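Both complexes shown next keep chain A, but they swap its partner, so chain B is in the first and chain C is in the second.
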Partner chain A sequence: MSSSLELSELVEEATETADGRRLGVLFWVCVGWLALNLLAAILANVLPLENPLTQNYNAINAGPSLHHLFGTDDLGRDIFSRVVFGSRVSIEAGLGSMVIGFGVGAPLGMLAAYRRGRFDQVLTVLMYVVLAFPAIIATIAILSFWTPRTLLKIIVVIGVAAIPLVYRVIRTATLAVATQDFVVAAKVQGASDTRILVRELLPNVAPIAVSFLLIGVATVVTLEGSLAFLGLSVAPPTPSWGNMINESRTILQLNPWLALFPSAAMCLFLLSLNFIGDRLRTHFDVSEGKL
Partner chain B sequence: MSDETLLRVREVTTTFDTPQGRLTAVDAVSFDLGAHESLGVVGESGSGKTVLSRTIMGLQPRRGVSVTGSVLLNGIEVVGATEEAKRELWGRQVAMVFQDPMTSLNPVVKVGKQIDEVLRVRLGMDRAAARARAIELLEMVGIPAAATRYDAYPHSLSGGMRQRVVIAIALAGSPQLLLADEPTTGLDVTIQAQILNLLDEVQGRLGMSMILVTHDLGVVATRTSRLVVMYAGRVVETGTTRDVFARHRMPYTRALLESSPKVSNPSHTRLAAIPGRPPNLLDLPAGCAFAPRCAYATDRCRNERPVLEPAGEPGHLFACFNPLSEPVGSPT
Partner chain C sequence: MARYLARRLITLVGIVIIISIGAFYLIHLLPGDPATVILGTGDSPQNRARLYAQLGLNRPIIEQYFVWMKNVLHGNLGTSFISQVPVWTTIRAALPIDLEMIVLSQILSFAVAIPLAMSSAKRPDSWFDRFLGAFSFTMLSIPAFILVVVLVLVVAIKLAIPHTGVSSYVPLTQDWVTNLESMALPSVVLAIGSVTVYYRVLRSDLIATLQQEYITLARSKGISQRRILWRHALRPSSVALLGTAGVNIGGLLAGGFIVQYLLDIPGLGYTLVNSIGLSDYLVVQGIVLVVSVGVIVINFVFDFFITLVDPRIARE
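Coming up: the complex of A and B.
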């Protein structure tokens, strides 16, 4: 009996060692938090939330209560509802601009690394020229003049600014695999260039792309927050996390809740994204030595 | 030599433009390869074997390389052919087994899928047929539990298994010519023999022609019918394997033979090494490239480049002013 018990213990131990490649509880907590955020943002209209624009003059700068979970702002608007609706701006900006950045940057980066030669040289120099502009200053300058400001314009400006960054990361990642024998091997089996790019290179680059995408979304959310804080994001009264923090600036002593909740929401959102991205990167980093 | 010629290589010269100048990696190499015949290409590192095999495949880096001469595969010219034209040859007429099975398989694609590639794209099989054929190929190259291995990733296979998979991939398109470029360099000695025997076996069974590129004369001794000995990008001796082993005339060939260990040697025999180093291809001597390392070299060797001349036996050629008198040494 005892020996069989020992054996089962051993097996358990062995499984645990194998679990070294598991993602961990914290990872799933982060995924859960992001999923919750996304769901709330998508379903904000159907959820039993107060209208984020409705002003309640009986409760101005009220603290958290059962009626207003996060309290109200200086115009009597419900902060909880504004945080939820505000997440839409951040998430749309983050995902939208990354769709542009990856949609253009990733294929170009892969193609440049695979084809090399003149195509690669010209494109890389071009990207580095764009990269040499300080992105945030360029974004602020463009958004200051391109009025009226809409979320779409913000997404386009940030998305275009992200193209060279994505290009550089994907190009480097592709270069590392494009020179390996299996690419030549696929070629001499008669595989077309498209097939090599999609079947041979893409699966190797995808893990890096996914983690960079997540961290990219996080960066854009921060950037949108900064723009909003400078009054360069979506116009009030539309709520966004950055807008709300900006509004709280003058009444910080009077109503700290208005600064706290959107900041906390943004902070946890970014933390989750960064943690997931980082965890995935180490998870996919399968080198011979670790097996 | 076989009456039916599959591959005709004529005066093939491959040069690289490097920052230090023009480098001739393969210099006016000519040979024929008959159908069902196997040819060994031997030489030290840097003698141009790998560049030669890539040139025959029509594989060149895109810049700074120029190839002259002619490589006729089944009557189709490879030198200067477009990528599309070469893609028609690759896989079905000619296939290649690479040096290092660690890098010649895609680490994130199941091995079966990597065999499917040729079957589905080039031969137009449907998914089920391709899978069945891939498993058949895995069985043919001696992989146990082939149906399970189909879904395995390369990292879960040993080096020898991986090289078997690489061979299965090469065989998938039923090529007429198989080019094996040092197929056993990355493997254990015991596995080396298995892989070479496997190549030998499938070559005979499928009636392919094979070019076996190696630095190890022991590898080609029993597995090829003819040999090409290369030095500094040039062919220095060629003939049937038997003739080259028993009646070699070129001192370099002898030096190569003497530098492989023999079981018949008494124990603690020092292994003969070839003195000096292979020449710098950017700065070749005016005469015979081997002269600086050759015990028989004369002033003529240092100033004049020897050309290939017949040695007596049919098909046996050598390039040397001071050939070894025959018979020398004993076949390994």
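Coming up: the complex of A and C.
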């Protein structure tokens, strides 16, 4: 009786893993797209691309052709090349600020959830207070008065603003794991705090962290775009997706390609990040996976 | 309930105080002489003397905060050294526009998101549900500034619908019909962002609620699907929705600047961006303070709504 029950449970578990919790084709398409973007951004100097800053007055606002795959802008610069080079700003800003946000926020969040007590209380109140401050406005205010602007400053400001958000997510995720039996068992066996944090808690928190990291990168890419519209992103003529979309606004009717390609590049990039992040979250979240 | 709200209110006051310190010391985070930053292009000996007197810049930094705070509590956020207009006057002119934009977009969002979430939750995994899921996900990934650019191109330029383009804002007090027309596009852009979030949150909670036994009981009593959804399932499913709405509306107040800026709507966000361009520090500081406090108050109000929907939360 008991063995048949166990067996049915096992079968149920197996089928759930087999069809209910697969990542799906679209997931891998998105991963591929991101990989392609990343590769192109890294290899942009080596690839046979036109110089994104070279102005060609014989081909101004030209439509897409074999010569210029995405056409040219109002200064005759190759849009395809600018979209590829522009991805660097978005990717650097996204990854850079998340490195800062996670580098500080994640260890603190895990430690606070594991230690609890006074340390947790003080840190959590502090983080919630910082969170109450509208990060977007603070970012704009600081960037606008902190001149001259560089990509590094943008990354630092956004990264610091991300710390309390990361802290909150990681702390909540760790809390859910820290009270489970296997952690208690490890403690009883006399495992050191470092060992429990790294070997027991980290592997369980990592999936949530990765999915949040991807969504975080997407948010920063959007933010860079918003900053570009305010003239607070990297200075022209350096291409960035935000800069390009912003520059296209004034000649929207004349040259819609100029708005279309960087917008599409940005949307597809964001869509991939969000989709992968969301899939990973549901994939590892058993309670929601059951629904 | 009263005790819960009182406790929340005390935390709220505490956070507001800390935020005011943050907004005040913002200037000291920046490199350079604060007076030079504050005065910006209005840097003249007379203005410099006025500034020193007004902010007590000769005094210790802690005393400066109290001087500033006393003024703020009296509704005095300083007078801009660039436009010579009191900061509070500028904010009072802009704030109603933000509120109108938020109210319009939220009415629109709830009116669309709630029925859609219900239709989806009624039959999860149906083609309709899958389509909406994919569609909302796509919309979630389109930044507001791209939506604005596309909508202006299609609605205002190609379709040439009047009062929808850039710089077509008309104040509510001047002509409310034209005002609503000019607010339609920005409200729709903000609503699109909100609908996708609300739809996803409410849908998943409704699905969970509809699996409860009391819903099965209601069904077996022969109560109509519509009545079950609206009268039995919506309220217990809306705790997370209200929490999300609170955060989201706060986000609109802080993040609506890009829509206002692109469409030339003179709300707080637009004023903020302009003031930054003019290096009008006092206006920036005033807006940061007002928006921060606004975000916190909105969150508090929605926490209160949540306790109305589910009083157990307050008793805990």
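Note that in this section the second predicted complex is superposed on the first by the 266 of 291 C-alpha atoms of A that agree within 3 Å, B and C clash if a C-alpha of one lies under 4 Å from a C-alpha of the other, contacts with A are read in each partner's own complex, and residues count from 1 in each chain.
Going forward, a contact is a pair of C-beta atoms (placed from the backbone, for glycine too) under 8 Å apart; a residue touches a chain by one contact, two chains touch by 3 or more.
If you're wondering where the values come from, they're calculated on a predicted model, not measured in any experiment.
S.K.: Based on the superposed arrangement around chain A, label chain B with chain C as either clash or fit.
M.R.: Chain B/chain C on chain A - fit side by side.
S.K.: Using the superposition on chain A described above, determine whether A:Pro203 touches chain B (first), chain C (second), both, or neither.
M.R.: A:Pro203: touches chain B, not chain C.
S.K.: Between chain B and chain C, point out the one touching more chain A residues.
M.R.: Touching more of chain A: C.
S.K.: Contact-wise, after the overlay, does A:Ile136 reach chain B, chain C, both or neither (first, second, both, neither)?
M.R.: A:Ile136 contacts chain C only, not chain B.
S.K.: Of the partners chain B and chain C, which touch A:Leu75 in the superposed model: first, second, both, neither?
M.R.: neither
S.K.: Regarding the shared-chain residue A:Lys187, is it in contact with chain B (first), chain C (second), both, or neither?
M.R.: A:Lys187 contacts chain B only, not chain C.
S.K.: Quick check on the superposed pair: does A:Leu38 touch chain B, chain C, both, or neither? Answer first, second, both or neither.
M.R.: Neither partner.
S.K.: After superposition on the shared chain, which partner residues are touched by A:Ile251: those of chain B (first), chain C (second), both, or neither?
M.R.: Neither partner.
S.K.: Working from the superposed arrangement, determine the closest approach of chain B to chain C, counting only CA atoms, in whole Å.
M.R.: Shortest inter-chain C-alpha distance (chain B to chain C): 13 Å.
S.K.: Which chain A residues are contacted by chain C in one complex and by chain B in the other?
M.R.: In chain A, positions 288, 291 sit in both the chain B and chain C interfaces.
S.K.: Touching chain B in the complex: which residues of chain A?
M.R.: So the residues of chain A touching chain B come out as 116-117, 180-182, 184-192, 195, 199-200, 203-204, 286, 288, 291.
S.K.: Within their complex, state which residues of chain B touch chain A.
M.R.: 57, 59, 62-63, 87-88, 90-92, 94-96, 98-100, 102-109, 117-118, 121-122, 155, 166, 169, 172-173
S.K.: Please give the residue numbers of chain C that touch chain A in the complex, ascending.
M.R.: 15, 18-19, 22, 26, 29-31, 37, 124, 137-138, 140-146, 149-150, 152-153, 157, 204, 207-208, 250, 253-255, 257-258, 261-262, 272-273, 276-277, 279, 281, 284-285, 287-288, 291-292, 295-296
S.K.: Going by the contact rule set out above, which residues of chain A touch chain C in the complex?
M.R.: The contact residues of chain A facing chain C are 128-129, 132-138, 140-142, 144-146, 218, 222, 225-226, 229-231, 245, 248-249, 252-253, 256, 259, 263, 266-267, 270-271, 274-275, 278, 288, 291.
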